[in-house]
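Quick heads-up: structures coming right below.
Next come two complexes built around subunit A: one with subunit B, the other with subunit C.
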Partner chain A sequence: MNHNHDADDVLMYKNYGCLVVPLDAELRDHTLARTKDEVLAKVQETRVKGVIVDFSAVSVIDSYAGELLNDTARAVSLLGATVVISGIKPGTAASLVDLDLYFDGITKVPALEEALRILRPAAANQGETSHET
Partner chain B sequence: MVDEKIDIPTGEVGENLVKFLQKNEKKIADAWTINRLKNSKIRADLISKEDMDARSTRLLKTFTDAVTEGNLEDISMGEYGPLNQLLDETSKELAARGFTLFETGTYFFSLKDTLLEYLQKEYSAKPVILNQVITIVSKLFDNLSLTAFDSFIKGREKTLKGYVKVMAEMATPILLLWKEILFLPIVGVVDSKRAQTIMEEILRQISEKNSKILILDIMGVAVVDSAVANHIIKITRATKLMGCEAIITGISSSIAQTMVSLGIDLGGLKTRSTLIDGLEYAFEVLGYHISRNPGKN
Partner chain C sequence: MKLDKIKVPVYEEIDIVRAVFEAKDISKAAGFSQDLQFMVSIAVSELARNIYKYAGTGVVFITLLNTENRKGIEIMAEDNGPGIENTGKAMQESFSTGNTLGLGLPGVKRIMDEFTITSAPGKGTKITARKWSKND
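For the complex of A and B:
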């Protein structure tokens, strides 16, 4: 994964019709706020059907980051996209439990590949639909 | 020889006893040792002879001091304080060392036997007095022994509590039951400290083994109350964060009733009564289908 980007850039990319948002190891407050805005904007703009938020690089998470990500996921769901969270590590899981944050209602998988597998059918359908247009 | 039919006040028996003890302390101590070893219930493997002899000497001396006032009946009085204390310490020590109650009792009773033997010789010519003396001394020893036994039991219970604690802290073995199925039987007490340890270990294993399902068996959990249920629920929510679904098995009908009456809400947590059922569910979720070769019975 290429992390050669300006510290303020929100990294996300399309893969198999899904929007993948790999979180940085350091979850800085202002970056996260921008993440929420940009992800929602992108989902609205591209009408993507699946959003994957990947936690693989994250080892520590505080309540601000946790709440913000929780809100982001729920907002994306409201826009009609399916959100899948991937890659939560043991330490992060333990922190989230302490923060009482469980991302209820959102599917959580151990790895990115898994998330893609789950979301691909939905994304593929979207692809067909857009071709027909 | 004139038979003395007079009732001798206990105090006088006490005074005579004290004089007798002080005069013969060493002889009685030695005789006690001989009697005790004859009984061969004193475990030289658990405590050395020297150690035991030192204790015996101290007990005898403290006993002598206690009866000095002439009170041979009420062991709750102040003069029996040091003796009660020493009996308490000795009993607890013997309990901790692994003596049985029988062995400990034999130890104390062999002093009583020794003492009574000497008293029988001393008062052999005065049967009425001998009778009174024996009754009084026996009763005294019975009372002292009861407190000693009580202390012994308390000492034993303390040791047992120690074992329970050790067992409860024993490493929780998380087993890989099938390719993506982890299994953990929880046995014993689940307090918040242990729950935390269990959770950390589980999360680590889920990451390492890439497992999708965790079967948590609670058949061996001592008490399932709201606190324990919350610990378990917390663990299952943590595993869910890592993409691993937890199933609780080993729920007995009494635990089920307790949980219902306590109003414990498990949310979407899957539960089963037996491990077999839990495994069946796990296979179903993972998409496994089990079939048997024809011809095998």
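For the complex of A and C:
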């Protein structure tokens, strides 16, 4: 990488041919906007078949953040990759329903491992097991 | 001394994060369950964001409520922004039509136990919402 890591960096890595995007505990607006751009660019560049957006660290998603993530997921599927959302917490889930945010059409699983299990067959075609940032 | 009323002025985007942080902190101190802490924090995030987006500046007060048999959190979001002409429409559900003002207010109302809004064009907006803990 040719730039220093700072708090605004969008963290993502490849695992079993899937792109894993672990969301930060604090979802900042500009970080989220960059997450969308960078995830899309990475999917295009690496041709991964699966993208996992992991919410494990996140407790507060308001409607703005939710809609941005929803848009990201939809855009990723338009590029031909499957999106799986993992790790939404119970209190967060209850509030998402109250906010009318369902992430329709996107598979959700309780934990990252299950997301990998679901996406591994799709990613297997690529025969990749590399880890990278 | 532990403060039981916190004022978060909203001027820039980082203030939304700060308001959320304070909401988590105070609801945790009040003994709210983790789920309730998240719910209150999400409501604070919505209200602080509305101030930032539509009014530019305003203030969010987060208050710990202590009655004889229960504890609660009150969120008061106040601004002197353009105000809302039709608060009824702002509170309309979006389930089928998607035709809302996009303020997320029905969501906040559902998350919280009590909700009141006062607003008029040119007179700003004041929203008060409360969430009570379930343990009596």
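Here is the rule we go by: the second predicted complex is superposed on the first by the 122 of 133 C-alpha atoms of A that agree within 3 Å, B and C clash if a C-alpha of one lies under 4 Å from a C-alpha of the other, contacts with A are read in each partner's own complex, and residues count from 1 in each chain.
Just so it is clear, a contact is a pair of C-beta atoms (placed from the backbone, for glycine too) under 8 Å apart; a residue touches a chain by one contact, two chains touch by 3 or more.
Note that the coordinates shown come from a computational prediction; the quantities given were computed from them, not determined experimentally.
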Superposed partners subunit B and subunit C on subunit A - clash or fit: fit
For A:P90, is the partner it touches subunit B (first), subunit C (second), both, or none of the two (neither)? both
Thinking of the overlay built on chain A, is A:R28 touched by subunit B (first), by subunit C (second), by both, or by neither? second
Figure out whether A:L99 sits in contact with subunit B (first) or subunit C (second), or with both, or with neither. second
First (subunit B), second (subunit C), both or neither touched by A:V109: first
Examine A:A41 and indicate which partner it touches, taking first as subunit B and second as subunit C; both and neither are also allowed. neither
For A:Y64, is the partner it touches subunit B (first), subunit C (second), both, or none of the two (neither)? second
Distance floor for C-alpha atoms, subunit B against subunit C, superposed on A, in Å, equals 7
Dual-contact residues of subunit A (subunit B, subunit C) 89-90, 92, 94
Touching subunit B in the complex: which residues of subunit A? 85-86, 88-90, 92-94, 96-97, 102-103, 108-111, 114
What part of subunit B is in contact with subunit A in the complex they form? 199-200, 203-204, 206-207, 210, 234, 237-244
Interfacial residue positions of subunit C with respect to subunit A in the complex: 13-14, 16-17, 20, 24, 33-39, 41-43, 45-46, 49, 94-95, 104, 106-107, 110-111
In the complex, subunit A residues that touch subunit C: 26, 28-30, 59-64, 89-92, 94-95, 98-100
